[in-house]
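Presented below are the structures under discussion, each in the form of structure tokens.
After this come two complexes, each holding chain A, first together with chain B and then together with chain C.
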Partner chain A sequence: MTIRLSGLAKEFGDFTAVHPLDLTIPEGSFFALLGASGCGKTTTLRMIAGLEEPTAGSVLLGDDDITALPPHRRPVNTVFQNYALFPHLDVHDNVAFGLRRRGIRSVRKQVDEMLELVELGGMARRRPRQLSGGQQQRVALARALINQPRVLLLDEPLGALDLKLRRQMQLELKRIQTEIGITFVHVTHDQEEAMTMADTVAVMRGGRVEQLAAPAELYENPRTAFVANFLGTSNLLTARVTAADADELRLDASGSPLRLPAARGNGVATDPGGQLLVGVRPEKITVTHGADADGVAAGRNRLDGRIRDASYLGVSTQYLVDTPACPAFAVYRQNTDPDPRLVPGADVVLHWDPAHTFGLDAAQDADAGTGEDAT
Partner chain B sequence: MTAVVTPGAPAAPPGTPGAERPPGRRPRRRLTPYWLLLPAALWLAVFFVAPLVYQASTSVQTGSLEEGYRVTWHFATYGEVLERYGEHFLRSFGYAAAATALCLLIGYPLAYMIAFRAGRWRNVLLVMVIAPFFTSFLIRTLAWKTILSDGGPVVGALDVLHVLDVTSRLGLTSDDRVLATPLAVVCGLTYNFLPFMILPLYGSLERIDPSLHEAARDLYATPATTFRKVTFPLSLPGVVAGTLLTFIPASGDYINAQLLGSPNTQMVGNAIQKQFLNVLDYPTAAAMSFVLMALILVAVTVYMRRAGTEELV
Partner chain C sequence: MAPPSDTVPPPPRTPSAVPRARRPHPLLAPVRLLRRHAVVVAGTLALAYLLVPNLVVLVFSFNKPAGRFNYEWRTFSTDAWTDPCGVADMCGSLSLSLRIAVLATLGATVLGTLAAFALARYRFRAKGTANALIFLPMAMPEVVMAASLGTLFLNMRVAFGFTTILIAHVMFCLSFVIVAVKARVMSMDPRLEEAARDLYAGPVQTFLRVTLPLAAPGIAAGALLSFALSFDDFIITQFNAGPSTVTFPMFVWGAAQRGTPVQVNVIGTAMFVLAVAIVLVGQVTANHRRRSR
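And then the complex of A and B:
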């Protein structure tokens, strides 16, 4: 069922957790609210669940305004961050809790089926604390799903699991969502989790939605420096517009000419002389040793530089390259045919297809979304 | 009471895990738990077990104060005690049960409020709960004598509100007085033991993760159902601990009956005190103490079985 948030806002005293927010979550979608802690994503989720009362605005489920409904009368269920399983009830009674509250007497068959779905068949009589983290997580999921909610809300559901289990549960959640086809709203601070699972991601920051798009679109064409840095890594450098036509901007970055397709400029300053931030992802860049610089195809964006640092990561090697335009340019190079000359101190040429360049408004902090901001 | 709580030897079977340790370090490691038990064990041996044995021997003595008492294995004293003081025992347990029930009724909402709603006032309220302990038990009970005095504002108000009519009909008060009636004794017991109910209740309520309430609300439980199905079951350890800490000392108490009651409201504690200190009939007093202890032990065992709290942490 479609969820529509209109002007939804929440203030705690002087602190605005969520600025008036308009958001439509289409029926059957896997929607992720992504952001660092304190960005308002959990508050937004809790307002949909009814656990937090909005200061302003409304929550619509389909055509029904549910803003004033208490949580127990909303057809949505939540998987809580710490699972919040009832410690005094066994797995069966935990899962049956919602059905029983709605006066359904014979729950055995439904509970068994649901436990099968989450692969906990023989665990019905165990107590929550006798289960591993991953099993508890699946009980929490079963306990919510058995009620056939119109919308399932997931609050950092995988946060407490170790990396391997988290990967496995990501796929599992995605499978279950595809199987039953209800709307999932998933809150997470893990950009990889959001990208793997969701069809639409809303990146939140400081109580506002920074950008809303499909994962690939977010990654390939971030619209703000925060999104560029928060999702993966970006190299951002300041450049000046030298010429512009309908298809392309010509730029100058500390003496190096660069090209940017007009469509990827996010509508920022296109007048010659204007400043903008130019970005490119590290894996789009090819690093070529200075001795082979003549072999670099014409028409590619190129920067000269010197390798400062190289870290071997197995699949790839990560280089930090100092260029006049930008110190510590990050570049990933696949280890398919290693070049032994690419060591710290070597002069190199960095070059990439201009189509992979994106432009951002220069009036923002190029480091937003990195470091402590991106916990 | 102490006998119920005192743990025996450490629960883990000694020896089995030690088998893999190097032989040189084994004895010391295995003895550590016993060293830790030693101070408490010594204390209990000197101040609990020894007096208990002495008292047991006293209870089967015969004789008189002038000629001295000798152990004659006279178990008949126990029968006499039950016959003569049955009423006192019943009264003790009745008053203690009433006071425990009142403590639970008054204490649970308060503990709930402190645990979930008090916010920054939490510590202030907790200090206020234990504040009465800064004054002596005796003084506080004497203060109740003034509060409930005949013709005082409390009695006057209860009279105007016709509460006294109801309590008279229930046999709790008589002659438009509160003092020297069962009601006064129960009130005194309730007041004096209330903190022992509130603190364990608060302890178990405070440990409940608030997200469990939210989970219950999210799963279609009304606030009332959330309390019935989640909060209350999870607070049961506190309820059990609180009722035991209230009921056990209340049933052996004699100060409240002494100061607030009348000869008709004497509890078994008063009878024991009289036998020991006034009549100087030590065997009877000792036998009464043992009967009281045994009855409490049985009551507590039955209660713990029924409450089935082993499954709860």
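And then the complex of A and C:
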């Protein structure tokens, strides 16, 4: 069922956890709220669950305004961070809890089916503390899903698992969501987790949604420096607009001419003489040794530089290249046909398709989000 | 700088470098035995020190004393055990004590649990003062509390009797219940109650199905403490009792002036055995539950 948040805000005393927020989460989607800790994503989730009372605004589920409903009257269920399983009940009774509270007496069959779905058949009589982290996580999921909620809320559900188990559970969660087709709202600080699982990601920062888009769109065309740095790595450099037409901006970055498709400028100032931040992802860039510079196709964005550092990563090699426009430009090069001349100190040309360039407002911190990535 | 010595592995020793163990002197064997089992020995001595008085009470409950005083062993007899209420007024005082203990436990547990939740969960004015006042009955000498309470009742012209004793007992038991329950409530994860609310449990259901079962160990501990404290209290009871309300501890004290009937030992032993049995049953079931998991 579609969730609509309109003007939803939460203040704790003087601190504004969530600024008035308008958000539509379409039915059946896997929606991720992504951000560093303290960005307001969990508070938003708790307001949808009814565990936190909004200071202003409303929560609509389909056409029903549920803002004033207490949590036990809302057709939504939550998978809590650290699971919050009832320690005094066994797995069966934990899973049956919601059904019993709604007056359903014969729960055995449903509970067994649910435990099969999360692959915990035969664990029904165990106590939560006798289960591993991954098993507890599945019980928490089963306990929520058995109620057939209209919306499932997940608060950092995989945060307490180790990396390998987390990857496995990501696929599992995605499979279950596809299977039962209900709306999932997933809160996480792990950008990779959000990208793998979600159809739509809302990147939050300081109680506001910074950008809302599909994972590929977020990655390929971030609209703020924070998003560009928080999701993966970006090279950002300052450039000046020299000319502009309807399709393309021509830029000057410390002497190097660059081109930026107008559609990827994110609506920043396009008047000649104006400043903007130009970004490009490290894997979009080709690094060519200076001796072969003539072979670089015309029409590509190119920067001259010198390799400062090279790190061999197995599938790829990461180069840090000093250019006049930007020190320490990051470049990934697949190790398909290694070039032995690409060593620190070598003069190189960096070039990429202008279509991979994105433009950002210059009036922001180009380093925003770099240190806040928790993964 | 050298790393701390405890992280450095000891240098490998060649067999010849190992000092040969000196053969111990045979006369020192008991000393070594004592040293090795020092904790067990000390523990046994401490337990003996605690249990010997109980043992004496038990043994003398089978005595048949010559005079009024049951201090000298004469001959084995089960007279007192077959007729525990044979002494005038004793069983009446016992039943009075039990009634007061049960009611005081009930009152203190209910009030104390409510107060503990308030102190653990909510912020309100004078919370610090309330916390300090709760510790007062535990810290203050009993006789001070007893006398001041007695003075209060006297000034208010309340007739001393069952009610005054009950009020006094609820008052001092309350502190112990609050402390026990509060510690438990503080350690409870508030998300468990949120999970219950999220899973369609209304406020009452959440309290009964999740909050109360989770707090139960603390509440039970508080209740048991209350019962024991109320049952054996002498000083506060003495100051707040009426002429016709003689509790069991008061009866024993009074009887001791004139000579102690053997039945006092019988009741004392029965109480001790009952308490030990309760503890044992608790331990065994806890062990059983742990092993079956």
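Criterion: the second predicted complex is superposed on the first by the 371 of 375 C-alpha atoms of A that agree within 3 Å, B and C clash if a C-alpha of one lies under 4 Å from a C-alpha of the other, contacts with A are read in each partner's own complex, and residues count from 1 in each chain.
In the analysis below, a residue touches a chain if its C-beta (ideal position, glycine included) is under 8 Å from a C-beta of that chain, and two chains touch if they have at least 3 such contacts.
As the structure is a computational prediction, the values presented were derived from the model and not from experiment.
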(request) Look at where chain B and chain C land on chain A after superposing the complexes, then choose clash or fit. (result) clash
(message) Under the stated touch criterion, which partner chain does A:T178 make contact with: chain B (first), chain C (second), both, or neither?
(response) neither
(request) May I ask you to decide whether A:S254 touches chain B, chain C, both, or neither, giving the answer as first, second, both or neither? (result) neither
(request) Tell me which partner A:R101 touches in the superposition: chain B (first), chain C (second), both or neither. (result) both
(request) Classify the contacts of A:Q130 with the two partner chains as first (chain B alone), second (chain C alone), both, or neither. (result) second
(request) Considering only touches as defined above, state whether A:F80 meets chain B (first), chain C (second), both or neither. (result) both
(message) Going by the contact definition given at the top, which residues of chain A touch chain B in one complex and chain C in the other?
(response) 49-51, 70-72, 76-78, 80-82, 84-88, 97-98, 101-102, 143-144, 147
(request) Give every residue of chain C touching chain A within the complex, in rising order. (result) 189, 191-192, 194-202, 205-206, 209-210, 213-214, 293
(request) Using the touch rule from the top, collect the residues of chain A that touch chain B in their complex. (result) 49-51, 70-73, 76-78, 80-82, 84-88, 97-98, 101-102, 143-144, 147
(message) Quick check on the complex: what are the chain B residues that touch chain A?
(response) 209, 211-212, 214-222, 225, 229-230, 233-234, 311-313
(message) Going by the contact rule set out above, which residues of chain A touch chain C in the complex?
(response) 49-51, 70-72, 76-78, 80-82, 84-88, 97-98, 101-102, 126-127, 130, 143-144, 147
